[in-house]
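Before anything else, here is the set of structures, which you'll find just below.
The following pair of complexes shares a single chain, chain A, combined with chain B in the former and chain C in the latter.
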Partner chain A sequence: MPKARPEQSVFEFLTYPQVGGDDWAYMSQSAQVRTLEMQLLSRTVLMDMANAPDFSAAVASLAAGEYALPQGSARFEDVQTVLLEKRANVRELFADWMLDAAVVALFKSRHDFANLRLALRRTLTDRPFGADYSEEGNMPPELIEHVLEEENYDLFPPYMRRATEQAVLGYYQNKDIRQIDYAIDQVEADHKLAEAARIESVFLLNLFRIQVDLTNIRTMLRLRFADAQHRQGLLAGGFVELERFRQGLELGSEALGQLFFATPYHRIVDAGVAYLTSSQSFLKVEQLCDEYLIGFLRSTGQVTAGPQVIVAYLLMKEHEIRTVRLILTAKKNLLDTKLILDRVA
Partner chain B sequence: MISNVSATRMALLSLRKRVALASRGHRLLSEKRDEISRQLIKIARDIQPLRRQVESELSQTFRRFMLARASMEPEHVTAALAVPTKKFSMAMEFASVMNVKVPHLLKDIEGEIICYGYATTSGEMDVALLSLERAFDLLIELAEKEKQARLLAVELQMTRRRVNVLEHVVIPEIHETIRYIHDKLSEAERDNTSRLMKITDIIRK
Partner chain C sequence: MDYGMALALLGAGLAAFLAGIGSAFGISIAGRAATGVLSEKPERYGQMFVMVVLPGTQGFYGFLGAFIVMLQMNFFGGGLAQEVGIKLGLQILASCLPVGIAGLFSAIQQGKVCAGGILMAAKRPEMAFKAGVVYAVMVEIYAILGLLVTLFILWFGIKWPEFATAAAGA
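Up next is the complex of A and B:
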């Protein structure tokens, strides 16, 4: 892994932070990824899908690529199955290619946190444990069930234990179910940042810090929209200091752009707030957040070989799968094309 | 009616009482019919914009929810909505409108509708749920008014049928029977008079 330099501040880069240097151990894997990157759906295909007159036509525009359905089949369930298969495949490929097991475990921990969130919500509110958990994490769901039943959190790895303890503590303070999510989200962000620092990956560190910032921007706007006071929803650890987001909760909409002017996110905030005010919708801000993250991932193009290339491919592929699902869902439910374009364009 | 009647003065008196009662009933039922119609029109006028508003809110909820669900990972959607925090209970009271028991719905809603954290969920989910929350109140009001309208419409139909039966069947039939009895009694009276005159003639001769 390329060694991390001391942490950059938000004022030290104009658009995207640094992605780190080359790691020639990943030469073969990077070459394979570069080939696969050429198969990612182009903007033209996505626009064709969005502008298709109906669901069948949108599915038909995928026929030439890897998302092609079996002949004659154009049911939404089939599409959903194909998309889930593709997502599982790309995650398997990622695990195969990545030489650093810690990075694979780090990305798998996303599923552990998702499983833990669902399991804790059900356990703490005395609901049945259920069977709809992801099998792609580091910990099997049965083990999570066993640990929560026994209330012996020592059997969890440290990040899961910390998340569980803080979530339980948060929940019992005022029996607010959202405290579970806030605690898990913060521990997840801390865990990712700490692991990225431990394996000394400047790319992962910057990636996770950007993700925290983008989450905070969305959270700030959502808190303002719902007129909610849940400031615990803001996550620490991003490039932008928490105080700026707290200030953003107090200010009027017109002052938000100015507040974030010195950060690389000012365009997201400006355009997102304008769209939110005019359309009462988060489509634009979510689209701009995705666009910014994808822009950062694309900047790994300057790296010839390295783990950054593989991580970027995994995240871009997951984003592509989500976009395809979004367009097809919208087409299936006869939603307005403008809404789709606002979200994906 | 006529075939079963015995043409007696007692029957005539009884029928006259019945026709007076039926006319009074007819008048009262007509008034009831007019009042129910008035109430029904008033409710129908309220329902129309309310229904439009509810449909628009629900369609927005549906649209937003679809977008949110599609842009989130399926496991995050499951986790976010697995444990709802909004509690909803409803009781029903009955009020009387023109002797029709119409329901009045009393709702008890507590808790916040947004029941998840922000990191793994879409803002469109918030918009969908807040829109659904707004639609709740309107939806209950609409349900109440539509039920009232339905009950009043049934009552109106029944009342109109009663008024029509009284107006076009019962009262005319009683009048006809009265006329029949009256004719019969008059005929009997004339028979009697002519018989007496005949007897008088015979005695005089």
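Up next is the complex of A and C:
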């Protein structure tokens, strides 16, 4: 387990934790990233898309950028293909730029966990294995299928073996399929934090701790909203102590802002709960969580050269592609513009 | 054996070697930044060039320091007429250190400043001179101070024996 990962009741940072120092070996790659960052979609373009009267107009807003479609084409499938291509390209670039193979493997493990989650859910509930798996992980989906069929988990890398064992154990305790997700989420968080500590990357460690905190905020609010009897799904390893989230499950909505006042997530909880109470929707919480994470990634601008610049670009680009997909999907399904704006603003 | 001569040559060598190493590192840092930007924006070559070559000046300062030592010792005028002596050798060695050490560190740091300037120029070309070159020149000042100290010591701080001036005059 990482050495310095104490939960914090007093935070040593006001808004964002530190992103680490320069690593001049990444100078050329960082310069490329800084140039490519200029091609990221501006807020204006996203707002134009969200405010567009229909799907075609939203697609037309992308015409000047790298997501431009061939002349006359405005089908959702075409946009989808372009977006998936761009996402694959940026992941390939990331793997090329990163000098530390362990960081590449760490980010590829996201796909391993997603594939494993899908495969285990299907295997444990006796459904067909399916073919909708990501090919971008460290382990091919066919091998995952083979291992699960044989029940020979030793063929998995240690993190996947641990996740599988804990998920299977959790599932068979009361045949609750949610236990698979809880187990995989916790093992994934532990794996990321342990690897970040092993690589000795301050940036990655802080990034993953933020991700754990943001996941816990979402989980806490969902559990409260659903008035769920069980209190599972909170992840250990973030900056905020788990006890605070458990208290949040017990307190009234009006006390949540106060509870998180001393944390950097005060605004997310405060504004998110207000929106949730008035609109019965998690849109604002999701938007604020994204905004906080992107803000942290943007703070890598203070680093001239280093792996954090490249990681931040990968995550910002993935976020941009996700946002474009989200807006276009909403437009295609004729969702209200205000809802879209609440989610992406 | 003329230990004084060995010390003097060590000084001249250090001046050129340390400052040269610094320049090589500095240029490599700035150069890598420039290649990264140029891979996406080749039209920015002219702006990048100045910032890539700036850390190279320290290498020339080191060479200049070493060259003046050699000149004072009549290297190019038929050699020396007498032994240098340990005292003079140490004086020459000491005189070479300012330009060598200042050149070594300032060139590396200047390379980093130039790299930052290159990244700035990639996003905001109008800031290339203001933020890139001007800040880099501020670092350059300290290399120049190192060179000046070396030159002042060599010209005014050391009492050169007759052989140098006599040979140079001849």
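The rule we apply is simple: the second predicted complex is superposed on the first by the 334 of 345 C-alpha atoms of A that agree within 3 Å, B and C clash if a C-alpha of one lies under 4 Å from a C-alpha of the other, contacts with A are read in each partner's own complex, and residues count from 1 in each chain.
Please note the rule applied: a residue touches a chain if its C-beta (ideal position, glycine included) is under 8 Å from a C-beta of that chain, and two chains touch if they have at least 3 such contacts.
Every value quoted in this text rests on a predicted model; they were computed, and no experiment measured them.
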With the two structures overlaid on chain A, would chain B and chain C clash, or do they fit side by side? fit
Please indicate which partner A:M38 is in contact with in the superposed arrangement: first for chain B, second for chain C, both, or neither. second
Contact-wise, after the overlay, does A:T215 reach chain B, chain C, both or neither (first, second, both, neither)? first
Just checking: does A:A228 make contact with chain B only, chain C only, both, or neither of them? Give me first, second, both or neither. first
Once both structures are overlaid, what angle do chain B and chain C make about chain A, taking C-alpha centres and a multiple of 10 degrees? 160
Could you tell me if A:S30 is touching chain B, chain C, both of them or neither one (first, second, both, neither)? second
Please indicate which partner A:I177 is in contact with in the superposed arrangement: first for chain B, second for chain C, both, or neither. first
After superposition on the shared chain, which partner residues are touched by A:Q308: those of chain B (first), chain C (second), both, or neither? neither
Applying the touch criterion given at the start, work out whether A:H111 contacts chain B, chain C, both or neither, answering first, second, both or neither. first
Count the residues of chain A touched by chain B and by chain C, then name the partner with the higher count. B
Taking the superposition as given, does A:S281 touch the first partner, chain B, the second, chain C, both, or neither? first
So after superposition, what is the minimum Cα distance from chain B to chain C, given in Å? 29
Touching residues on chain A, where the partner in the complex is chain C: 22, 24, 27-38, 304-305
Per the touch rule above, chain B residues touching chain A in the complex are 62-64, 66-67, 69-71, 73-76, 78-79, 82-83, 85, 112, 114-120, 122-124, 126-127, 130
Residues on chain A engaged by chain B in the complex (per definition of touch): 84, 111, 114-115, 117-118, 121-122, 125, 127, 130, 132-134, 176-178, 180-182, 184-185, 188-189, 215, 218-219, 221-223, 225-226, 228, 233, 235, 280-283, 285-286, 322, 325-326, 328-330, 333, 335, 339, 343
In the complex of these two chains, what residues of chain C are touching chain A? 29, 32-37, 39-41, 112, 115-116, 118-119, 122-123
